[in-house]
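Heads up, there are several structures right after this.
Shared between the two complexes below is chain A, which pairs with chain B and chain C, respectively.
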Partner chain A sequence: MRQVLKDIFSFEDRPRFERIGFVVFILIILVFPWMVHSAYGRVVMIKFLLFALFGLGWNLIGGYGGQVDLGQAKNVGFGAYATALMMFWWNTPFWVTVPIGMIVAAAESFGVAYPMFRLKGHYFAIATLCVALVWKELFVFWDWTGGARGVELTIRPTPDFTYMQFGSPIYYHYFIFLLFITQLLFMNWFRKSKLGYELQAVRDNEDAAASLGINVYRTKVITYTITGGLGAVGGSFMTVYYLYIDPDFVMPLDLSILIAMTVMVGGAGSLWGPIIGAAILIPLDMYLGAWLGAGKRLGIDFMVYAVIMMVIAAREPRGIWGIIERLRKKG
Partner chain B sequence: MELATQLIAYGILMGLVFALIALGLSLIFGVMNIVNFAHGEFMMVGMYVAFIISSYFHLDPLISLPFAAAIGYLLGVVSYHFLIHHILRGPMVAQLFGTFGLMLFLRYLAMFIFTPDVRSIKQGILVGKTLSIGWLTIDVSKGVSGGLCLLSFALVYWIIHRTKLGRALRATSIDAEAARYMGIDTKKMNALAWGIGGATVALAGALLAHYYYITPTIGMLFTIIAFATVALGGFGSIVGAFLAGLMIGLIMVLSGQYVSELKFTFIYILYFLVVVFRPRGLFGW
Partner chain C sequence: MKASKRIFLFLFVSVLSILIVSPTLFAQVKEVKIGVILPLSGPLAPIGKSLKEGAELAADIVNNKYPELDISIAKWEGIPNLGGAKIKLIFADSRGDPGWGSEQAKRLIEDEKVVGLLGAYQSAVTKTASVEAERAGIPFINPDSTSPALSKRGFKWFWRVTPHETWFTKDLFDLLDGLTKGKAPGVKAVPKSKLEPLAVAAENTEWGAASLAEIEKFAKERGWKIAEGFKYPHTAADLTSETRKMIASKAPTFLFAPYVADAILFVKTMKEMKAKPRLIWGQDAGFVEADFYKTLGADVNGILTRDLFSAEMGKVKPVAGKLNEMYKKMTGYDFSGSSARDFVGVQVWAHVLNNAKSTSPEAIRKALNELHIPGKELVMPWKGVKFGSPFPNDTQQNELGSGVINQYQGYPDGKLHIIYPFEFATSKLIYPFPGWK
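Right, the complex of A and B next:
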């Protein structure tokens, strides 16, 4: 038990500059709502934390596992719809809907992982994409989920911790921060757990891992299941934060790509990678979008993304964290 | 009965277009074992070439065919030299993201230039005319597109299987290293595969534009259809791609008739089932 707690909260194995950076980062986030009064700035911050959260979840299968999953949006969608539909139809408290959303997403992931991990590489990536698209089309098609129109929740006038609805963005800021930190600590534990080491061994060399007695298939399926559950948490948050969801908003392909991309850009398979990636891409998206995307001509932000993506793929597949590591080894 | 014949005819004509679209993907995969996520976007470029020729220059969209093919060829070769060549040695994740980046770039470039509006071609010799043979009524545009796709497919098949260039290409696809020892410039062969892939898919796009709507985001759908086609036919097999294209065309037209909202869902599920349960494809060996 003590060992588990130590694994969760200790960052001792990381170099000192990382620990200092992490503390500074936490402090910045904690004081942020009191320093920045611009409403847009706060929105950007919340979106950054949300995508850092998504990235941390995806990093499990995509980074530590090395399996390119292009369907994480389906799990976000499961979480978002679990919360939205249960609140809409039965007025269920938020805290009940979150675990249910996670269980649904994890169960679905487990179900599809079973056949899907017979595939590798490109075949696997395209299969994840297909599964996510099928779910999206089914949600558009299905009346009970609101179809293409989606679900809209009524706004509650007073701050309400049962349904997690607040008028002020400050509450949401600390709420998403809490979710983010929880997941980060989980990842900190995971990378040092038996499953974590097995997973990294599988990523680096499947045959070698198998010859050491690791059940490659089982490792991948379990990881994919956990990733599914983690993706749903952010989805539930999206529902109570935006109070309106539809399939194009919570489960589009673009969301899957963006989640995978934040991790790739930041550095897949490293603890801080998803955070760095989200810290670069999300403000870029929000400010570039606001600055250039006004009016009808959209898309400059995604063109910039695309160029970053191609350069990273060609020059430094380990992302920005790879560059930092390389600089440190030199210096 | 009439409806069934009509649907089958449309399915086959659609399938010929799909076959040509899948050809390039299959060729590229066969030669260098890399999957091009931007494939559908190359097709989208072909569609916009037809659109520009038709609505800005007020010429018949048929004139756009050679331009579309040439631009597609250039696009393929340029992508190869500036991007693909550099990511070939990298890990698979990098390859995936590299072509994914190319896809996003082309898609949003189109959105920037042409806005997200849905367009269609309204004027042209083929557009909007129908032809009746017995009780079968066929849109001329679909008929001619299908025919030209078949012709182009046959031409590429002939190049690959009957010319010296094609033999070099096939040698590269079987064993690139051995091909290099034999004095084949494999880098050139890779570029050629990308060129042919780009040209054929852009040509298919220009033909498809005669009767299909045009938007910047249309590529993804056709990329997945092409993946499904290639997976069904067996990766790298050209004859397989042809037969699978016809099958996918039939499935799409028939399912579209009865459950139109889910017609693409069947394609996705088909891909999933094929790669999971018969990864070699129906016609693979």
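Right, the complex of A and C next:
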């Protein structure tokens, strides 16, 4: 038990500069709502933490596992719908709906993982994408999910900690931070766990891993199942944050790609990669959109965004974390 | 100190103090900021751009003098009761994404300090953006979203100017009932048996699903039989089986709620299969897009479509004609039902601010609930703007709005002609549908 707690909270195996950076980062997040008075600044911070949360979950299968999964939006959708529908039908408190959303997403991931991991590489990526699209279409088609009309929740008097509805973004800031830090600590434990090491061995060389007695197939299936469960948490948050969801909003292909891109830009397979990726992509996108999105030349924000993405990809395909690592080794 | 020096000092201090104090002395509202959220990128960007232009034209008319226009905002040069304050529109792109809509609403309300909001076209975006206005206690005027659910949420800070889907469906059944009573221009009373039963095809997103539900509801209420009613994916590359289903139902009246690609596909397939409906009606969207009539050419003639505006409106309502000319000069194309509604949205804001005589949210709220703009002020064929509860559970919904039903006649030389409301009809109805050559 002590060892587990140590694995969760200890970052001793990381270099000193990483630990200092992490503490500074946490401090910045904690004081942020009190230092920044722009409402949009706070909104951007909340969205950054949400995508860092998504990225941390995806990094499990996509980074540590090296399997390109382009269907994480379905898990976001499961979480979002579990919270929305249970609140809508039965007034279920938020904290009850979250584990249920995670279980549904994990169970579905477990179910589809078996046939999907018969595939490898690009074929696996295409399969994940298709499964997510099928789920989205089903949610549009079904009437019991609200179909294309989605689910809308009523506004409650705030602050409400049972249904997690708040009038001020400050509450949402600490709320998403709590979810984020929990997942980060879980990831810290995971990368040092037996499954974590097995997964990294599978990523580096499947045949070598199998020859050491690792059940490659089982390792991938379990990891994919956990990734599914983690993806649902952010979906539940989206429901109580926006108070409205529909399949196009919480399960689109764009979301799956953005989650994967966040991790890839930051550095897949590193603990900090998803956070760095989200810290670059989300503010860049949101500020460009706000400054240039409604200007005289419509669409210019996307052009600037795309150019920056291309420069990053061309300069360092391993992501920003790759650049940091290289600079550190040089230094 | 010499007298001249003393006078100089006195004057210097006086001028300085006036300079310091004057901004507070003359501190009247110089401009009123209104946040406008629209889909300015993504697949709906072309529509978003036209809506933005509609809103900009209205702001320009409020802020400057246009004596040739016979509407009150054209004579104001700003908001008279706010000391001539100008309206300044602050646009934000929703990207057609409900999350973005909500985030931009927060930015406009808290950072840009807008007096209120306008937008956001797609019903899903309007839902999330108006939640932010409701939480902040800031008025949100919605001129362009038609999901019936929006005005049934009981929001305190949300007012909808446009009629919604329930209304448009009511218009359709008024037209059908009118046809049986011989009210349609140029057509004698048609026995109901020649129009019944109905066959309905609706695409399966929020809008199509809502349209189908409304048609089924009204058909039941008004005693019209539906032989076939179904949803289909609007991205389908082939609609043969759907068309066959409609033909097999032997219904003389075909009703559609499609986007543009599927609308074109339906008409082409019906022509190939030699379908012989007596009446074809489309629920706006795909049936009024330029791609629809440009692709199908003369095959569109005789098809009816629900709409909110027609360039023909100028024939029966001169002010609409003049405003449309101004809009066309500015953009190169006519007002559409959507861009004309965003024009009205800004117009409503101007009237409300003038009536409120203040920019405080409570004063604006009161003014909105007491507002009455007569129909002669509007570019739309409406009886006016007055918020009430026109349908069960509706709150703060304009009760004086209405849609129009147009018919394609003589395309490519002619275009859409108004058939309904019958009193605004610009042409005789072509009935039965002439078929395809």
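The working rule: the second predicted complex is superposed on the first by the 310 of 331 C-alpha atoms of A that agree within 3 Å, B and C clash if a C-alpha of one lies under 4 Å from a C-alpha of the other, contacts with A are read in each partner's own complex, and residues count from 1 in each chain.
The working rule: contacts are C-beta pairs under 8 Å (C-beta built on N, C-alpha and C of every residue); 3 or more make two chains touch, one makes a residue touch a chain.
These numbers come from a predicted model, not from an experiment.
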item	value
First (chain B), second (chain C), both or neither touched by A:115	first
Contacts of A:253 with chain B and chain C, given as first, second, both or neither	first
First (chain B), second (chain C), both or neither touched by A:68	first
First (chain B), second (chain C), both or neither touched by A:302	both
Partner touching more residues of chain A, whether chain B or chain C	B
Which superposed partner A:141 touches (first chain B, second chain C, both, neither)	both
First, second, both or neither for A:99, with chain B first and chain C second	neither
Chain B versus chain C as contact partner of A:283, first or second or both or neither	neither
Chain A residues contacted in one complex by chain B, in the other by chain C	137, 140-141, 298-299, 302
Footprint of chain A on chain C - complex, ascending	38, 40-41, 45, 48-49, 52, 91-93, 95, 97-100, 102-104, 106-107, 109-111, 124, 127-128, 131, 134-135, 147, 149, 153, 204-210, 233
Residue ranges of chain A in contact with chain B within the complex	66, 68, 115-116, 118-119, 121-123, 125-127, 129-131, 133-134, 137-138, 140-141, 253, 257, 260-261, 264, 268, 296-300, 302-303, 305-310, 312-315, 317
Residues of chain B that touch chain A when the two form their complex	35, 83, 86-87, 90-98, 100-105, 107-109, 111-112, 115-116, 216, 220, 224, 227, 231, 261-262, 264-265, 268-269, 271-272, 275-277, 279
Chain C partner contacts - residues on chain A that touch it in the complex	38-40, 43, 47, 137, 140-141, 147-150, 152, 154-155, 158, 167, 169, 238, 242-246, 248-249, 286, 289-290, 293-294, 298-299, 301-302
